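Okay, got some structures for you below.
Below are two complexes that have chain A in common, paired first with chain B and then with chain C.
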Partner chain A sequence: MNTAQAGTLESMDCLVTVSEAAQGAGVKIQIAGSSAARFKSAMEKKAAEVIASMGVKDIDISIQDNGALDIVLGARVEAAVKRLIGGER
Partner chain B sequence: MAKNALGREIPEFIEGYGKTKLFQGAFALKPEGYRAGGKIRCVNNTCTDKRVSGIKAAIAASGLKSGMTVSFHHHLRNGDFVVNMVIDACAEMGIKNLTLFPTALFGVHKKLIEHIKSGVITRIMGSVNGPIGQLVSEGGMDVPVVLRSHGGRPRAVASGDVHIDVAFIAAPTADKYGNICGTQGKSACGSLGYAFTDAQFADCVVAVTDNLQPYPAAPVSISQLNVDIVVEVPSIGDPAGIVSGTTKVTRDPLRLLIAKYASELIEASPYFKEGISFQTGAGGIPLAVTAFMKEAMIKRGIKGSFGLGGITGYFVELLKEGLVERLMDVQSFDLEAVRSIGENPKHIEISADWYANPWNSGAAVNMLDVVILGATEVDVNFNANVNTEAEGALLHGTGGHQDTAAGAKLTIIAQPLLRGRIPCVTDNVYSVTTPGEVVDAIITEYGITINPKRKDLLDACSAVKGLPLVSMDELVSRAHKMSGPTDPVATEDRIIGVVEWRDGTVIDVVHQLKKK
Partner chain C sequence: MRRTMLYLPGNNPNMLTRGYLFGSDGLVLDLEDAVAMAEKDTARILVRHFLRQGEFGSCEVTVRINGVDTEYWKDDLAAVIPFPALQGIRAPKVDDAATVKIIDEELSIIEEKNGIPVGRTKIFCLLETAKGIWNAYDIASASPRVAAIIPGGEDLTADLKTSRSSEGTELDWARRMLVFAARAAGVDPIDTVFPRVTDDAGLRKETEFIKQLGFEGKSVIHPNQIPIIHNVFNPTEQEIEKALKIVAAAKEAAERGQGAVSVDGRMVDIPVVKRAEYTLVKAGLLEVK
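And now, the complex of A and B:
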């Protein structure tokens, strides 16, 4: 299975790991880490938006957060997905 | 269910706490009646040596039984051996159902969890940190924890809200007749400030020492008048955990900027004049404020009267250089402070009662001009929370937050706007520790936010060119914009923590966290 990562576990950053999913499996998002307790909804929304804007339909995303703001989270998700699908587009 | 003066819902009766008194305002409640007293003792010349052999013999001699209240002080901080030693021994002796009444607990006390689970300790009145806080927050104790400030605790004891059966005092030096001091010995911790009230009011006082000196030991902090039993043990603590090395000023540019703004506010205030008194604690930002203030004091040629509270090497330096006349020390944080309080008569040991009790003939906080505090969050009404973290867990004690805020003429909370993604300025704090009526200004990296009720301060700051003033509305909307919307904390109905205001009224309650 292909996976790719972006980000770090530094304060106010996050580590995003994305893996290929079978066609029709949809977008699965897992969130853990320091802001998860109070910002899970906002983080899920942001990650889903980025995925949708990139036209990806089936993917597993795991976010290990250490206090990233949305703007950072979005950039890390985008970078991880680009690394995963890299050569194809 | 009734609402207190801050609109917080407080039940009239809380299981395991009792009938509640509603918070009515910072200075609203006026006490009546007389102080409580401890047991009368009589020791004739048949007793000239109070020593017993071993901690279990001391516990037995103290008359400690199941269901009683035991107290401890926290000057040995994360190096403390005494709390664990005593409770372990109680467990082995089959003593159960104890109320633990510490002035604070530290990480080293996580060992108490096994004694909470086995029923040796069934109630805690005092701060719960780290793993014990997490356990309590998840419903690990049947009785709610009661949180009191450093001044609220001696008030509760002296007014009879809490009766101490046995006080165990970690004594870096003691003699066989119970004269104690904290400045000498291999486990020296400096001030024994928090232990004084316990020594005065407990039915029985046990001194636990690892440095027994010939009678009479001197200097004396707590004297033979109040000490019933002396027990010698190999070690009362680990020096590495008792005192830190030299506390350092932050080097983080963001925090330095916040400290600089705080110092500019102080300089602009009417309190920055000859004889200024202040408390800054040991945190990174407050220490940096002290450093900036020192520069300003030298530049403007003014000298301070005293520094108060937990004392660091930084304050000792101010004393040595004559920039403050006295230090009033309830807790000596580092080696320099421990050394200084032992040598310098201008560095005074004060009790928690003297420091902060609202119900005596005048606590030191009343004489305070400026205090710099932190908080986990502050809301639009300037209410501050220091007890719970973003996830809703009870993780910090109140310390002197309430007392200094109520006493000082200028109370400043200095904090970055965000910690990680979590905003420190919100619409409504999760739980209140200190009411906004006694908080005068919030300092963040975006500038100085002054409580609108302090129009005098606003005017003083507006008169100074270039001071970055930010309104509370602007600050909170900035925090919202950066952090995004928060999910609510999922809680049960059950109350696991009662936060008392320093006068014993309930300012807020903390609910059990829902299982994830």
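And now, the complex of A and C:
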């Protein structure tokens, strides 16, 4: 199974790991880390938005958060997905 | 005003988020030396997201792209140019006018493609080789986009086959040359960074020196350096008071139809008035003309 990562575990960043999923499996998002308890739904929404804007339908995403803002989360998800599909390296 | 332009590592969310809060006049979001080769892609994406949605206060926002001798520079430009928050790009290792023209052409293509007025994006040129310094005037006048020229520190010293000293002897001539070239071409001369981040006295001394040479400001690698540099560049109370007197006297003389006028026993002519006005601009008491 192909996986890719982007980001770090430093302060105000997050580490995003994405894995290919079978066709029809949909988007699965897992979130852990410092802000996960309070901002989980907002973070899921942001990640899902970025995924949708990239036209990806089936993917597993794991986010290890260390206080990343919305902007940072979006950028890290986009970078990880691009690495997975080989669009930007 | 470009007294201070603070470098922010392009792959560091913490600094990209807080950078504008340190009060520098400008920011340089860095995609070049501050970013590891393996992270060029993620930094570019992160910086793009910040340009789209980030907060920069009243800072002049620029991005340092990778050099035209790398595979990254066109992707860097394509990623950052479309956003109105971006005012200019800092181009490394500019050796000659041809390098400026290559970047200028690429900028025009991207601006046109994105419906941005062609010519909006300024270029801040880093002159990091002996050849670059030698060609300083040609570089500064190669395109109306050029807003400033900046001498390199470490790279230039290496190219000169010497090393960096605390007195800055090795950069002395390059700095003087750069000020002349910039002023002759009508662009800003901005100095290189001061690398010893804990040496406040050394920073103050160097800033006083480069201000006296005619520099407009300095590149900054640590937020703690900003207040020291501003303190050196800001006009003193006495300078402001004198400038106000001169400008008022000149205005009065003009209203009376007189040319030259005397203030505190000193003849005041046009260059003196211009300098006084510039002091008031730097003190924030007069709009830039």
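Criterion: the second predicted complex is superposed on the first by the 86 of 89 C-alpha atoms of A that agree within 3 Å, B and C clash if a C-alpha of one lies under 4 Å from a C-alpha of the other, contacts with A are read in each partner's own complex, and residues count from 1 in each chain.
Note that in this section a contact is a pair of C-beta atoms (placed from the backbone, for glycine too) under 8 Å apart; a residue touches a chain by one contact, two chains touch by 3 or more.
All values reported here derive from a predicted model rather than from experimental measurement.
Asker: Does the chain A-based superposition show chain B and chain C clashing or fitting?
Answerer: With chain A as the common anchor, chain B and chain C both fit in the superposed model.
Asker: Between chain B and chain C, whom does A:Leu69 touch in the aligned arrangement: first, second, both, or neither?
Answerer: both
Asker: Taking the superposition on A as described, I'd like to know which of chain B and chain C A:Ser34 touches: first, second, both or neither.
Answerer: A:Ser34: touches chain B, not chain C.
Asker: Contacts for A:Glu78 in the overlay, against chain B (first) and chain C (second): which applies, first, second, both or neither?
Answerer: second
Asker: Could you tell me if A:Gln23 is touching chain B, chain C, both of them or neither one (first, second, both, neither)?
Answerer: After superposition on chain A, A:Gln23 lies in contact with neither partner.
Asker: So in the superposed three-chain picture, is A:Met12 touching just chain B, just chain C, both, or none of them (first/second/both/neither)?
Answerer: In the superposed model, A:Met12 contacts both chain B and chain C.
Asker: Once the two complexes are overlaid, how big is the angle at chain A between chain B and chain C (Cα centres, nearest 10°)?
Answerer: 80
Asker: First (chain B), second (chain C), both or neither: which does A:Ala42 touch?
Answerer: first
Asker: For the combined overlay, can you note the least CA distance between chain B and chain C, rounded to whole Å?
Answerer: Checking C-alpha atoms only, chain B sits 6 Å from chain C at its nearest point.
Asker: Residues of chain A that sit at the chain B interface in one complex and at the chain C interface in the other, please.
Answerer: Residues 11-12, 68-70, which sit in both footprints.
Asker: Can you list the chain C residues touching chain A in their complex?
Answerer: Touching chain A from chain C are residues 12-14, 17, 41-42, 44-46, 48-50, 52-54, 75.
Asker: Name, in rising order, each residue of chain A that touches chain C in their complex.
Answerer: Per the touch definition, chain A meets chain C at residues 6-7, 10-13, 68-72, 74-76, 78-79, 82-83, 88-89.
Asker: Taking the complex as given, what residues does chain B use to touch chain A?
Answerer: Residues 390-392, 418-422, 482-487, 489 of chain B touch chain A in their complex.
Asker: Where on chain A is chain B touching in the complex?
Answerer: Residues 11-12, 34-35, 37-42, 46, 65-70.
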